[in-house]
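These are the structures, in structure tokens.
Heads up, the next two complexes both have subunit A, just with different partners, subunit B and then subunit C.
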Partner chain A sequence: MTRIAARLGVTPRALVAGALLLAILLALPWFASSYIVSVMVLVLFAAYLGQAWNIMMGFAGLLSIGHALYVGLGAYTGAALFVHFSLPPWIGMVAGVPIAMLAGCIIGGLSFRFGVTGVYFALLTIAFAEFTRILFDHFGWIGGSSGLFLPVTNLAQNDLWHLRGSPAMFYYLMLALVAAALALTRFLLRRRIGFYWQAIREDPDAAEALGINTFRYKLAAVALSAGMTAIAGVIEAFYYNNLYPSTAFAIGRSVELMSAPIVGGLGTLFGPIFGAFVLTVLGESMTGLTAALHIDGIKQWFYGAVLLLIVALQPGGLWPWVAAWLGLADRKDAR
Partner chain B sequence: MSAAPFLAVAGIAKRFRGLLAVDDVSFEVAEGRIVALIGPNGAGKTTIFNLIAGVYRPDRGRIALVGRDIAGLRPHQVCDAGIARTFQLVKPFGALSVEDNVLVGALKRNPAMAAARRTAREILARLGLAEKAQAPAASLTLAERKRLETARALATGPRLLLLDEVMAGLRPTEIDTMVATFRSLVRETGVTILLTEHVMRAVMALSDHVVVLHHGQKIADGVPEAVARDPRVLECYLGTHAPIAPGARG
Partner chain C sequence: MLVLNILIAGILTGAVYGLMALGLSVIFGVIRVVNFAHGEMMVAGMYVAIVLNQRAGIDPLAALPFIAALLFAFGYALQRGLINRFIARPEYNQFLLLLAVSILLTSSTLMVFGPDARNVQLDYAFDSFEFHGLLLDKVRVLAALGAAIGVAGLWAFFSLTRTGKAIRACADNQLGAQIVGLDVKRLYAATFGIGAACVGAAGSLLLLLVDVQPYIGADFTLLGFIIVILGGLGSMPGALLGGVLVGVSEALAGFFIDPSLKSMFSFALLILVLLVRPQGLLGRTA
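After this line comes the complex of A and B, so read on.
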């Protein structure tokens, strides 16, 4: 056990905790209600999108407030290819991921070439998302502002190839994606590219002086993040079966997507997952609570207040603090 | 030594809006030597560093490393060419450990992580930062941060090291330690050093050659002892026509 933990570079206690968590998550659809499973699908979507966004902001220090753009591009590509050509979502990903990566490289390339950094870069990401939203509103082939709908068929069993099936199927699919993203980000963060990203995040001038081609590495972060985000976009389209530019590319969607990694811990590996769990469960319990109390609109208010409290009390995010408290890691690498 | 000088700076100039920060400056640095670039504040020392390091492109002139023109390259390309620099206003990667800071530099010539870690540890030991290796860089004192700047630059395996006031703010004993460190570094690794420094104690003890700048122009160039006696140098440091008592001249 200790040897396996050492091989993986984690503490034995973290290994046990991780294995236990994985076992519970794998068995969840067998004992939990369909409501719990559908909430967990939301948790996993938020976790995965947070992981993807965290590559840019958490690792490379590039603030994107327009990440809904990549979700939307993936979703629309997958949905349009399905509706018009009956192509399965996996083909949709093969098309949607490069489209999102290209969009990211255009935004990143323009910004980094002309020295647009910090908040100005963030503003540019919003601008591109808004611009795309307006463009798609007037794009008739994919339904324009009245939306794009995927035909819903009631199948006797799950069809993974066409992503038609129960929430449990989506649950396992997203669980696999979150696990894969965790493994990938952990791998990258310990390689040269991960150290280079962190160096760029901490001080771009010093990074450049140490021989790092900051343009190239920043672009790599944007492309990877955008591509990963688009995968979730395609799956989301097939989960909800409807798409509107006004919601798919909304700035609110981008902000929502950022909150899990911020609350969980920017730049940490497990933070986005933990943050997604905390926020989604919090949001759902708020809904239940306000329904019981019959006070409309108090949900958002309470949600905002809790968010504010977390950010004020633990500006580094909840996960490093929780990980240290559970003794899962020495403080140094509580990630 | 090859026919081309190790570092040749020829007639470089840089203007910022109205201000001519560097005006037709030329000098050479021989391989394996320690050369100091000195002058009062605003003389153009850091601008020259930034021109060599690729932060700015010179308006005129040539900068060549062993015959290869490097003027106008981007900073990371200058580093690839074998020139590493420190920043006067230190720029540590605060959230990373001291060792990881140096590791980032070491990854330049050691793509393998294990080899890069070894290099980083060796350099930390050389700079006397081994005990702080696991501390976050943000926790270091200013003197330690200056050493970290040097360690990080050194880790990229440069042929020429540009040190921008790495001894400012150090105590005299610390300066002596740094001087000894740089001396042994040059002796053992053959690296060439071009430095700017306000601490004259360090300049005199360390440099083989001194270039003096004033208002963006070179006013003197020679061995430390000669430069220290140069009337134009004394003038710019002590003020115009410093009244030196006739009796004091002998």
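After this line comes the complex of A and C, so read on.
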């Protein structure tokens, strides 16, 4: 086992813990209530989106506060193709992912070409997302501001091809996606492109001076991140069956999406997953509290308070700290 | 004539926007922290004005100095207690801190006042001045006048008083200011307080023109960003120019095209300026 762990580049304890976690997650729908499963679907959505966002911010140092744009583009493409042409979501993905990647390349290409960096880049991503939100509000073919609805069919049997089914089906689908994203990011981070990204994150000028084509690699990070995000967008549309521009492209959605990786640990591989778990479980327990106390806004208040505490006390994120405490990582390998 | 009326209404509203954005610009220009809780701070101030109006019948214009002072205290305490520790940290960390503050502000107003839209009752709400055929709403003129006085006061503070000059020194060269013995952290706290007071004053003025509800804070934060980016982050005249530009473009787009499309033009303008001239129309360096 030590040999397997060494080949994977993790400590033996981390290998055992990972295998145990995977086993629990795979068996979860068999023993947990349907409520727990639906909460876990939310956790997995947040984890996957966090992983995708983390490629830009955590790896390449590009702060995007408009990531809801890519979720929304994926969701609307998938849903519109289903509603108007009865095309299944997988076809929708084939269309939606390149659209989101193209949008990312346009935003990234323009920004990097014109030397827009730092705060200005972040504000530009917000501006594009908000622009698209208002545009979609007035786009009648996909429902405009009154929303786009997917016909809900009988949920008695799971239809993976049309993504019609129980939360358990979505649970396994998202679990597979999160695992795939973890494997992909881990793979990329140990390749040349991963090291280039980290060099650009630490010092773009130095990276450029060393001969790295920073334009190309930054664009690659944006395109990959946007494409991965759009996949979750398509699935989300078929999970919730309704779409409104005011929620799909909202800045609140972007902020929600980026809080999991930041709370978990920017630039870490497991951080987004851990952060998604902490925040979603916290949010759900606050929903219970709101129902018990009958006060509007108390959920958001606690969410804000916890965010404030984590940012103030553990700015590097929770995961590196937890991983060290559990003894899952030696030295820098907390990632 | 109608178009001219709309143009002037846009300029007057834009002056209030300018005062709001000025607060954001001052904070960024000196502390180099982007205040993502700016609109939320304004909404909190607006609710204080609403309470004073409904419980004691005080006009928002009369309550303005009190609200500005209250927000100054809030901003001072926030910078002193929290943000000063984050000065040396990365941008995304500061962003997250202020995001948490904005969530706390929005949810607090929601918990106390509920989600319904509120406004103030004014007996002069529908009065207007007529000037050579031009029709000017009294509330809009008063709001713009208030904004002009606020801006003039701020300009006087920064160019005439010792504290104002010291703050400008901090903005120009933080290390140099420290070397000559300025208490930079205290000046930063005062700066954040002044920025907050600006937005509090703008909130009391804006209350004459719009309804308030807890969730509009984020919209005003974004509006503030659009304005300061247009004018140039950190530039005081730029914030005013940006405010008037956005006020006019909103008024014209609302009249000629569709009121719900008006902010799309602002965002398009923002994208264009960010790409072509990221330092803003009146900004010095990027």
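As a working rule, the second predicted complex is superposed on the first by the 332 of 335 C-alpha atoms of A that agree within 3 Å, B and C clash if a C-alpha of one lies under 4 Å from a C-alpha of the other, contacts with A are read in each partner's own complex, and residues count from 1 in each chain.
The definition used in the following text is that a contact is a pair of C-beta atoms (placed from the backbone, for glycine too) under 8 Å apart; a residue touches a chain by one contact, two chains touch by 3 or more.
For clarity, every value in this text was computed on a predicted model and none was experimentally measured.
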item: Three-chain arrangement built on subunit A, subunit B and subunit C clash or fit; value: fit
item: Touched partner set for A:Gln198, first subunit B, second subunit C, both or neither; value: first
item: First, second, both or neither for A:Thr214, with subunit B first and subunit C second; value: first
item: Partner chain(s) touched by A:Asn241 [first = subunit B, second = subunit C, both, neither]; value: neither
item: Subunit B versus subunit C as contact partner of A:Gln314, first or second or both or neither; value: neither
item: Subunit C, subunit A and subunit B - angle at the middle CA centre, rounded to the nearest 10 degrees; value: 80
item: Which superposed partner A:Ser166 touches (first subunit B, second subunit C, both, neither); value: neither
item: Chain touching more of subunit A, residue-wise (subunit B, subunit C); value: C
item: Touching partner for A:Ala206 - first (subunit B), second (subunit C), both, neither; value: first
item: Subunit C versus subunit B - closest C-alpha approach in the superposed model, Å; value: 13
item: Shared contact residues on subunit A - subunit B and subunit C; value: none
item: Of all residues in subunit A, those that touch subunit B in their complex; value: 190-192, 195-196, 198-199, 201-203, 205-214, 267, 332
item: Interface residues, subunit C side, partner subunit A - complex; value: 34, 82, 85, 89, 91-93, 95-97, 99-104, 106-111, 114-115, 214, 218, 222, 225-226, 229, 233, 258, 260-261, 263-264, 267-268, 270-271, 274-276, 278, 286
item: Residue ranges of subunit A touching subunit C (in the complex, touch as defined); value: 57, 63, 65, 110-111, 114-116, 118-120, 122-124, 126-128, 130-131, 134-135, 137-138, 145, 251-252, 255, 259, 262, 266, 295-301, 303-305, 307-308, 311-312, 315
item: Footprint of subunit A on subunit B - complex, ascending; value: 53, 55, 74-76, 79-80, 84-85, 87, 91-97, 100, 103-105, 107-108, 111, 113, 116, 134, 152-153, 155-156
